[in-house]
Amino acid sequence: MSGAQYMAEYDPIHPPDAIEKNLPADKQLGAVDLSTVEKIGVVGKDEEKARLERFSRRPSLSEVLNLHDFEAIARQVMGEKAWAYYSSAADDEITIRENHAAYHRIWFRPRVLRNVTEVDFSTTLLGHKSSMPIYITATALGKLGHPDGELNLTRAAAKNGVIQMIPTLASCSFDELVDNAKPGQVQFLQLYVNKERSITEKFVRHAEERGIKGLFITVDAPQLGRREKDMRQKFEAEEPDEMDKNKSSVDRTQGAARAISSFIDPGLCWDDMKWFKNITKMPLILKGVQCWEDALEAYDHGLAGVVLSNHGGRQLDFARSGIEILVEVVDKLKERRGLSFPNEKFQLFVDGGVRRATDVVKAVALGATAVGIGRPFLYAFSAYGEDGVNKALQILRDEFEMNMRLIGAPTLKDITRDMVDASSIHQHIVAVPDDRLYNVNYEEMVTARLREQDKAKL
Amino acid sequence: MSGAQYMAEYDPIHPPDAIEKNLPADKQLGAVDLSTVEKIGVVGKDEEKARLERFSRRPSLSEVLNLHDFEAIARQVMGEKAWAYYSSAADDEITIRENHAAYHRIWFRPRVLRNVTEVDFSTTLLGHKSSMPIYITATALGKLGHPDGELNLTRAAAKNGVIQMIPTLASCSFDELVDNAKPGQVQFLQLYVNKERSITEKFVRHAEERGIKGLFITVDAPQLGRREKDMRQKFEAEEPDEMDKNKSSVDRTQGAARAISSFIDPGLCWDDMKWFKNITKMPLILKGVQCWEDALEAYDHGLAGVVLSNHGGRQLDFARSGIEILVEVVDKLKERRGLSFPNEKFQLFVDGGVRRATDVVKAVALGATAVGIGRPFLYAFSAYGEDGVNKALQILRDEFEMNMRLIGAPTLKDITRDMVDASSIHQHIVAVPDDRLYNVNYEEMVTARLREQDKAKL
Amino acid sequence: MSGAQYMAEYDPIHPPDAIEKNLPADKQLGAVDLSTVEKIGVVGKDEEKARLERFSRRPSLSEVLNLHDFEAIARQVMGEKAWAYYSSAADDEITIRENHAAYHRIWFRPRVLRNVTEVDFSTTLLGHKSSMPIYITATALGKLGHPDGELNLTRAAAKNGVIQMIPTLASCSFDELVDNAKPGQVQFLQLYVNKERSITEKFVRHAEERGIKGLFITVDAPQLGRREKDMRQKFEAEEPDEMDKNKSSVDRTQGAARAISSFIDPGLCWDDMKWFKNITKMPLILKGVQCWEDALEAYDHGLAGVVLSNHGGRQLDFARSGIEILVEVVDKLKERRGLSFPNEKFQLFVDGGVRRATDVVKAVALGATAVGIGRPFLYAFSAYGEDGVNKALQILRDEFEMNMRLIGAPTLKDITRDMVDASSIHQHIVAVPDDRLYNVNYEEMVTARLREQDKAKL
Amino acid sequence: MSGAQYMAEYDPIHPPDAIEKNLPADKQLGAVDLSTVEKIGVVGKDEEKARLERFSRRPSLSEVLNLHDFEAIARQVMGEKAWAYYSSAADDEITIRENHAAYHRIWFRPRVLRNVTEVDFSTTLLGHKSSMPIYITATALGKLGHPDGELNLTRAAAKNGVIQMIPTLASCSFDELVDNAKPGQVQFLQLYVNKERSITEKFVRHAEERGIKGLFITVDAPQLGRREKDMRQKFEAEEPDEMDKNKSSVDRTQGAARAISSFIDPGLCWDDMKWFKNITKMPLILKGVQCWEDALEAYDHGLAGVVLSNHGGRQLDFARSGIEILVEVVDKLKERRGLSFPNEKFQLFVDGGVRRATDVVKAVALGATAVGIGRPFLYAFSAYGEDGVNKALQILRDEFEMNMRLIGAPTLKDITRDMVDASSIHQHIVAVPDDRLYNVNYEEMVTARLREQDKAKL
């Protein structure tokens, strides 16, 4: 299952064996509109030259103080289309931003005068050690950002003692990513289920053989989302004339996501869980659960956990944030099944919108086992390769150490529910539209000012 | 009732037989200040030339990704006064924006692992098939945007299997719009009730004879609204001198809406419903109901339904959005009359502010049978004629298909109340005015930056 | 008590007989820092010339569509210091803006199908007819805006059938304002109570003799507020040198308000109400009540009513708006004393922040008898003299007529409590400070764009 | 314990005897990265020249109307690094701004008709007289802003009858600050507890001997925070080359705070309270308590009070504001221990975000004994030395006098809980992300405009 055959120019952006594995032979050249996919990465020479010049002026890694900085730099040094693919989200991109904003509705209630000389924020995910309560979540098309693609993540994960979730739609082949793991390095696998179940079965059995420790079945993407920034990219680099000619060519206007995902089965349903249990012994986790009812269902089906996620805001706009869903899931599963969280038997993960260790600490306080981080690591390696990911993980480690001390918790177990106030989490407020005429008339106050530089001249 | 006599230059903007039908003969040249109406569409030559040049640069329809895009393009390619008439709303235009904003206070609770291979979002409105849970609602003066006026809507409605509501104040004559319907094409009629009931009776009987399937009686416009953008247009193209001379001429400052609507009867009341039942067998629906008390009253009067609407924000500013009213109507009609929604016997419609299929899905989850969409279609044909409307409907269809899958609902019946969180819908928040001095003093954080391009030169 | 002696250059800004009446003879030249007061209105010649040029370019009154417009024009055509005095408010000017914003947290629940052919929004205030449920509230120093000062208001009030409340600190003398009233024209008087009660007694008895129909005792201004825009004006027109010399001169930095108000008695208290009842038979109303406890106290003291007001935001910053206080006052006086509102025996007035008739309709629905409007009329006469005030009142009349129809109320009595939703009125929200780094990194979406004008040139 | 030896260039920024006292001899030159610290204050010559020029143009003190003004001026006349050190806060600086914003969610319910001729806002803190319910709280490195450092505060405190809390990390030596106190002048001491308790014991005993009246033990800083503005300063003044060389030098990127605070003991815990009681008779107050549970704990440990504080937003981001915590502390300590506040036996202090006397009045109404003010005084002396602090205190005094009158309270005891509405204090709202496309399409309303200056030319 290695050595996929593909053309060189196709390489930068598509997952080679994902195609091979997921599409039946007769569709491998047809169903995916390669011309669309190919276009990504092709840019004007001048534009590319300017980009490389900017790349050469990246600040030293020691100037990168937080995860935001990677994004700021990546935005300037990545190709436009790669940036569009990574940063885009569904419809009006409300949910992608809400994912981050929701964390800001949660505030700390720190405890003082606890001995925090030694702090330890290591934990276990599905029984496997992690140096921090985070994991590198699955994101597609890593080579758009860096020639080594997801390998950057594999290597940094090993170095920093965190777990990587391998994506189905990785740019690197699955085996390449497993082959490059260090001995003992734990990896999870994210799975899009194929319409042809035999392909999925083969892939899952192979993954288990190769030592994958957890299977995260994506359930929030029966069809991949419309991401308009990504779609709009198509037109920007083209001649108007050409556009007219291609008026009828719907497919090529749908962006990279649609082009590479036609194999995903929208018919996947709860009944399939039994089948999964028959073909693998790996713990099964549903990725993309979005309400307590489905979390309860997953628990009742004997699964190992759920990822409360809306696919990074890339699928259904106005889907709620994982951190908001977490609050109701913990409440209801306690009420209905007497569970308390974090829970070894049924683990809750959250992803989407994380930029600070404080975000993660909030999720842990609310009952999550760990939090998945995706885009920030993409931006880190797009700007600095593996070094970037290492630095990103170091920043998180520094932030965790500080946060644990300041919240008064020597270990993750000491981060309790009462250390956060999440009472505003369910508030989805839109202000009354502004009264433009009143506001235009209102004259803003001013502070005292320095005297004029040369009064005489006035 | 066809073949209205009118001057050519009057044609672009007024509803020919609306005047003929609605105004008594002796007032047809007097009551409506034609000079005002006429002015609309008259613009400077240079301005018009520039507009046509912009028109020629419209992007290809394949570049239009969502309903917002039509508005963005229409704003640039329409005449200023036409734009002002279509886009304007009451007073400070708070309600028009709230209509859209209210949808943003409603969030999804999608379900996963449901078989959504096939999704079907067709439905019936008053017993008539529609390919989507939307309809083209009535909007006046279609020829301001395009020479074919409302015919663009009639044709696109037929092609896309949706229902058009013909407006009383259409630019095309009623019969023209009916004549152009395809065999079997269902049309509804929006009605402004005339002070002279005999005129209305004649019009209603005629409509029924012509096959209209539902009569939507507008009840939120006993007098047409003050729309200041529209009113302000009057002055912009005129000489100050002329304005001084006309100081006393109040009428011409009131905009197009007032000029064409003096016939509407502010005395219309519940007692008239009996009379309507006597003159027609068409289902009667009230358009513009704004609280549960009146929805209940309509139900008790044996009407077929209500449109929860504030007239697109064009009448009473600070009227609540239809979607907000829907929540209380569904609650109270269940409490008081044991009704559940959607309900075949008493249908709830909503209009105002819709831009995405997600908006419609929210309304359906909350109990609406269908949602009326108005301005977006006006903008679509103002920019691209019938093709624009077809494209707009295609976009909605694409969005619906995606949304149904992502929310986990194979049919509209599967979209249930618990799939949305509308708990913030009644929140009308205005933030405490900002502390200007504090904010001016606060220095915004900055991200890491690229190094200077040529350090030596600095 | 007419014919006050004062210097011509003092005239534009100070209330001539207010000084005479309120200050004991030995303080009339000392206590008020005339030099400060005088300075207002004195501006550079070039600045004044530019202002007069702008004045000549005022738009025709027919272009003024709403009360906001008067403010927009006044801001450009008034002298800077006059503008600063009128527009300024306490501290960070939070309350002045909240006064307006609070109305935006109240939304309508209009009723339909009521016969609104005839609408009547006339009412009575303290038993006296008013053509609308508003009155012209007291504001100081009218001559700063227009040479005729408050006379503009007296005349327009007569013409439009509304009641003027004469301010203690009017620029015109009290008698001048009474002398110019039309036969039968009702006037109220606003009163600042003097430390020397004999002066106040004399003034009150005189007012009653002259036919004043209601005495509004200001209770929210035991000391006049710090208004920094007004204070900052002092420095802007002065030389830095001069400022240094006057470092110790505290008084002249306190703005016009402080300079003219040193006579006000901060010792005024509930016990004084008895005394007032002894010296006059005029109905006594407290102006500036700000919580239900004091409204109840006023009722128990047998007063005729209260004005729920924070002095236009000019006194205590973070005082709540009158409209918010109204909600609690109506609730508690019903609960504690069984009163319902509007109530002839104990009338509730509100002022502050009103710009639209919709604002007034909201107050009426919540139980107010009438609403005081101040600054908008100042701006109206500053820009257009009496014509401006007439136009302002005409605009309100037009808006009322429309609003009554659209809310479904033929008379003010038909405007009931259930026609508004004020459930968000007590919410004082400040959003969590924005996440600058996240927001800077987020790339805003864009709409479809017109093609480039000349592609070849690019 | 006076006369610490240190190099001249080190003087401006570090606390001389803090180092001497807190670090064991063998670490005094090693543990603190002096090179980092030293860099602060070193700026380019041109930049410094421009700064001094700006300094010369400071407005006269009489133009300073409020505490905001000091900050506006200081920002322009301070060195960049000093400004960065003073103004920076933790992570995304959410909490520093929330500290101020929280006060804006509290509104007044003023009482009228109370005799406020004489108002008295003096009070006692831990039994010691203060002319106002405020104190000058501890802030580090005063010499960054002014050569006299904290002495400016000592002198102004004496002159204005308020209490200064001496910081452990003052730029002036502890004894210098005590030596310069006027006879009878009360001073408190803020304490960072040293890992070597003997050093702390010596310092505490010395402080008691020198007459310190209260020991405020900082408990919210087991490790000093990451303050990115401060950290980013490091790079801005350096050559990129140099940065590359120092890639591994982590310490120097951590800002001034970290460099001077390595001695602080993260192991400090409740058990240590007993030890403190053994070594001193000074009242013990915990500075940095952040939830009612720890306030209760402090009470049960027999301490004299707590400061509800998050260290000016410089430690844990998303820590709640002191004023918000105050509300829950007062509620719970009443519920659990029957305490009422203000309370002589267990005093509650608050700090963070205060800019107006209204802020302090709110805290007093909610139960605080007094409020600590820090940065505003730093900015005051950075811009104007001791005169600035005197003026700042005078402004507060003026504001207090006004506020007491306007709220209707002759003394602080008359400021009661019902005079404020704090019902929105716990609301942490983040608005739904804006709908960019909708908002871009919406055309803002405009006001009436002046006519063109020269119509003919258009």
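Going by the order they are written in, the chains are A, B, C and D; count residues from 1 in each one.
Everything below uses one rule, namely that a residue touches a chain if its C-beta (ideal position, glycine included) is under 8 Å from a C-beta of that chain, and two chains touch if they have at least 3 such contacts.
This structure is a prediction, so every number in the text was calculated from the model and none was measured.
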(message) Please compute the angle of the rotation superposing subunit A on subunit D (C-alpha atoms), rounded to a multiple of 5 degrees.
(response) 90
(message) Please tell me whether the contact surfaces of subunit B and subunit C are same or different in residue numbering, using the over-half criterion.
(response) different
(request) Mind checking the centre-to-centre distance between subunit B and subunit C? Centres are C-alpha means, answer in whole Å. (result) 39
(request) Measure off the straight-line distance from the CA centroid of subunit A to the CA centroid of subunit C, and report it in whole Å. (result) 55
(message) Where in subunit D do residues touch at least two different other chains?
(response) 59, 63, 65-66, 68-69, 71-72, 92-94, 97, 101, 104-105, 228, 232, 240, 427-432, 435-438, 440-441, 445-448, 451
(message) Which stretch or stretches of subunit B touch subunit A in the complex?
(response) 59-63, 65-66, 92-94, 97-98, 101-102, 104-117, 356, 358, 362, 398-399, 401-403, 405-407, 418, 421, 423-424, 427-431, 436-437, 440-441, 447-453
(request) Over in the complex, which subunit B residues touch subunit D? Could you list them? (result) 66, 68-69, 71-72, 75, 83, 87, 92-93, 97, 100-101, 104-105, 228-229, 232, 239-240, 355, 429, 432, 435, 437-438, 440-443, 445-446, 448, 451, 455
(message) Quick check: in the complex, which residue numbers of subunit A touch subunit B?
(response) 53-54, 57-59, 63-65, 68-69, 71-73, 76, 91-92, 94, 219-220, 222-223, 225-226, 228, 231-232, 235, 240, 243-244, 246-247, 249, 253, 265-270, 272-273, 286, 288-291, 293-294, 297, 315-320, 426-433, 435-438, 444-447
